[in-house]
Amino acid sequence: MIDYQAILNTIYANVTQESDKGEIATYIPELSGVDPNRFGMHLKLISGEEFAVGDSEVGFSIQSISKVLTLAMAMSQVGSTIWERMDVEPSGNPFNHLSLLELEEGIPRNPLINSGAIVIADILVTQLKNPKADFLKYVQDITGDSSISYNLKVAQSEKETGFNNYAAANLLKSFDNLHNSVDDVLDFYFHQCSLEMSCSQIAKAFFMFANKGVCLRDVGRLTKTQAKRINAIMLTCGFYDEAGEFAFEVGLPGKSGVGGGIAASLPHEFSISVWAPGLNPQGNSKLGMLALEQFTTLTKQSIF
Amino acid sequence: MIDYQAILNTIYANVTQESDKGEIATYIPELSGVDPNRFGMHLKLISGEEFAVGDSEVGFSIQSISKVLTLAMAMSQVGSTIWERMDVEPSGNPFNHLSLLELEEGIPRNPLINSGAIVIADILVTQLKNPKADFLKYVQDITGDSSISYNLKVAQSEKETGFNNYAAANLLKSFDNLHNSVDDVLDFYFHQCSLEMSCSQIAKAFFMFANKGVCLRDVGRLTKTQAKRINAIMLTCGFYDEAGEFAFEVGLPGKSGVGGGIAASLPHEFSISVWAPGLNPQGNSKLGMLALEQFTTLTKQSIF
Amino acid sequence: MIDYQAILNTIYANVTQESDKGEIATYIPELSGVDPNRFGMHLKLISGEEFAVGDSEVGFSIQSISKVLTLAMAMSQVGSTIWERMDVEPSGNPFNHLSLLELEEGIPRNPLINSGAIVIADILVTQLKNPKADFLKYVQDITGDSSISYNLKVAQSEKETGFNNYAAANLLKSFDNLHNSVDDVLDFYFHQCSLEMSCSQIAKAFFMFANKGVCLRDVGRLTKTQAKRINAIMLTCGFYDEAGEFAFEVGLPGKSGVGGGIAASLPHEFSISVWAPGLNPQGNSKLGMLALEQFTTLTKQSIF
Amino acid sequence: MIDYQAILNTIYANVTQESDKGEIATYIPELSGVDPNRFGMHLKLISGEEFAVGDSEVGFSIQSISKVLTLAMAMSQVGSTIWERMDVEPSGNPFNHLSLLELEEGIPRNPLINSGAIVIADILVTQLKNPKADFLKYVQDITGDSSISYNLKVAQSEKETGFNNYAAANLLKSFDNLHNSVDDVLDFYFHQCSLEMSCSQIAKAFFMFANKGVCLRDVGRLTKTQAKRINAIMLTCGFYDEAGEFAFEVGLPGKSGVGGGIAASLPHEFSISVWAPGLNPQGNSKLGMLALEQFTTLTKQSIF
């Protein structure tokens, strides 16, 4: 029997005394105001048991972690037709992602880079009656937590400064790979990224990826194959230019966000979420990476 | 003495019997409706003499030819500070121009590719009280022809379909190389491209580049150095991926537009304009290129 | 208890009746002469048990599979200093791999693309007294099979036609990331790729990746961490532009070769090898991919 | 009447007192030993008159200037079939020239970048009985000066360190755009670059480009069209990433070399050559550029 609580406590003790906590993202004011000393972690086993430490109930901006949730919702809605509009391969450096998109004629490399997530947003805008409300309802449903909400200030901030995303969306449109208007799609996209969730809520949302596609509640169920697909995508594409490093150091399918969150799953075992706002130079949570590395080392549980 | 009128007549006879007239641009409805058999040419000597043939008085959409006029106006307004925001080097293939812009961190290669022209538009939007009205007035003034106007349908069409330009403008904005809003700049840009001018009017507008920067009318005067700079840019960057070919075949500084127009100058000698709506695969007027090649061959006047 | 032999038999029955067996690599004569109907598979459990089907004892050209073996040998010799000279991230499209190498100033993206494997070869040429003989001895030792040998005709063929590898090696050299002469390094590299091994021998060689770094014989032992590192690299970088697809379809760390072989491991469980000479358009064994997909489906054993 | 000698004297006085003379190329020892205070200039009018100043009779390594001479010889031998194997368009940044070559599938952008010049070398190796001897004879013939020779130490140095050129040649070979062996072609190429010529000799060699293709001696005559083609290529492609700048500042078709030489022509007027070993950051002779700029300003003779 693994004493998960003791392990989380050890990790907490270790990482909170790190002097270099990384750099808070400052590109929008709402993110830059976060306390760099925040640290939380939440573990949810397939058995239903939960363990937590630190600020695990404090909401933060999940940002790119939302891309996994929109992908899951889109797959539950339209299935594998998604892959007619994007690929599932790693993308390499994000600094030249528009070059890649232009070179590959508007076909994003995978659904977890911005251009791919924008196409997923476009699919949901087409499919859903009230896209923003319906997606929020979906996240509330799969977590069983109706308190989850968008942070409208964050969404507005990104709308005013997200020029690179506007560039990507317009480039997609120029290649006929965006069916709705750029403004409608990005309005949805900026809202999804602005979702505020706690580690506890995120671990619940990611439970389905550990549980063969079956969510906590009877909604949004994925097939086993779809859950496997999403895990494979997270493993190869979830960490920008650190996918290989994360696969090695942590050994879990996962996804990071610029708000300092990381969510991951070990199929058939658990989902887990960590939050520490400071980022490493690659844009992933510095202490979050460290915490997950220690977790898989101490529990001896990883895909390897 | 060269008999220019006889030469124009010969060219007219030659090119109008070409069976392959190239392909009309169809990406906006207003352009696609043009009669492919149109052909006009207008020559204006430094001495003041003018010669013309064919549809030289019929207005057409000057499109990218306008980039030379906004460049001239911007240089007359802000001088060489322009070059803090863009370069003056050829750009190679246009198919990957966003890649280049991303790689070079938002600095356009030259003012005659779209991204560079958008920065020029941004400069004018900052400088001018009523950008669209003031630029139109400038074009009317340097040609002495107040009948010149925008084609609002064409401008509107491009606003609705110019996603690649929106992508470029947003990418510039993400690199802080656009000072006004994307919408304001592109509204101006789409209007400048929609200008309707005849060969006769264009030749008058380009007179200053042949005449050491001095316009027909006492407005918008450039310095000798500025006129030389613009001629050098047209020579090396004026024909997308055919700059080298045009320099060889024609041997004049010039600029083409997707509406089928080409404008050129021979410093100290003349300005010239030709119009034939069908394009070659590189996007330059097929018969226009042929006509100018014959003109420099028959007159033995070129930079070489 | 899983009946592995029955499962291998089922797979054999399934894949050998596929009408589309893919395309044999033809770029060197020695590879093009292989019988497209060959199919073999070999499984080696951590317990020591082995199972096989078809042509599992027939030697074939392992080609890029050798990159994992040179990587393992180099790690056992010089440890993590390897990573001063290359990265561990996926590379995307192989068609522009020199562009990537040029853009990233001579630092290969990972040790399993050609440029990375050439740097590994350079490291071994520096480390080993008799590089070709010593590496062959290493492969014989870790498999306990002294019959393994290079195919000198294949090595010679590649030396005469491997211009792209010469380009890569010279580009590395121009960035000071090759310490020995291009000829010495590529002579070694073409020999390693020419190794002839059977599925049975390959499964034995890959046993260490499943067995925490401990080889069958007491040679070339890796640390647990090194074995994990290699598994992580295979998972994210082992299949050119199909890494994401393979992670999903098969869910094992692995490496393919243009000779039609694929080797893979499931940490703590087994190593496995398959051979079918016909390739899919991405350059991976068509029936080999199918066989491994069926294997992980039927055994329910994969990293997910 | 222009007093050319007085102008050359003025330029000499101006540029030799510049404190910042640029940086000598140091990548091969033979180039790095050159005296940075060297400065020479030679002008040859169509009329036959010659004017000179400074070290105009001192030989130096012409390096890339040789690319224009091999191009001229290849055109005189095989005519326009050259263009089946390369393009005539500007190339932009040289730092990623292999990327461009890979992207465009082995078709160099023009004959004045390294990859294009290597294809020209390949053509001459195919055409000539004794390539190195025959090309040297050609240069001696068109200048009427049998004292011109290769610098074998320079050629040998480049052979030992020119890894980027080996990379380019092998990449060309991998795309079947090199018909002879890499070693044979580069041996020729490194010799052509090692030619030692004085400003006086270079101006004589470039006389044909000013003189409608007719050389000083009755050898190697080009057609008028061929001379025009080469002038157009020099104008748009002769100065790496400074082609646009040179067209503006100087306004002459020309070509620079890393040895500090620049050769140029004004069609129907003159050929001119300048030498000053220090380079600007773009790799062109710093004082050479300045001298030519002053020359066209003071004589008021340029293509504009």
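Odds and ends about this structure:
Each chain carries a letter (A, B, C and D) given by its place in the written order, and its residues are counted from 1.
Rule of thumb we're sticking to: a contact is a pair of C-beta atoms (placed from the backbone, for glycine too) under 8 Å apart; a residue touches a chain by one contact, two chains touch by 3 or more.
None of the values given here were measured: they were computed from a predicted structure.
The set of chains touching subunit A and also touching subunit C is empty. Seen from the C-alpha centroid of subunit D, the farthest chain centroid is that of A. Centre-to-centre spacing of subunit A and subunit B amounts to 47 Å, using the average Cα coordinate of each chain.
Subunit B and subunit D have CA centres that are 32 Å apart.
One inter-chain figure worth recording: subunit A and subunit D are separated by 56 Å, centre to centre, where each centre is the mean of the chain's CA atoms.
Taken residue by residue, subunit B touches two or more other chains at no position, since every residue touches fewer.
Listed by label, the pairs of touching chains are A-B, A-C, B-D, C-D. Across the interface of their complex, subunit D is touched by residues 95-96, 98-99, 102-103, 163-164, 166-168, 170-171, 173-174, 182 of subunit C.
Every residue of subunit A that touches subunit C in the complex is listed here, in rising order: 87-92, 100, 109-110, 228-229, 231-233, 235-237, 241-245, 247-248, 251, 253, 267, 303-304.
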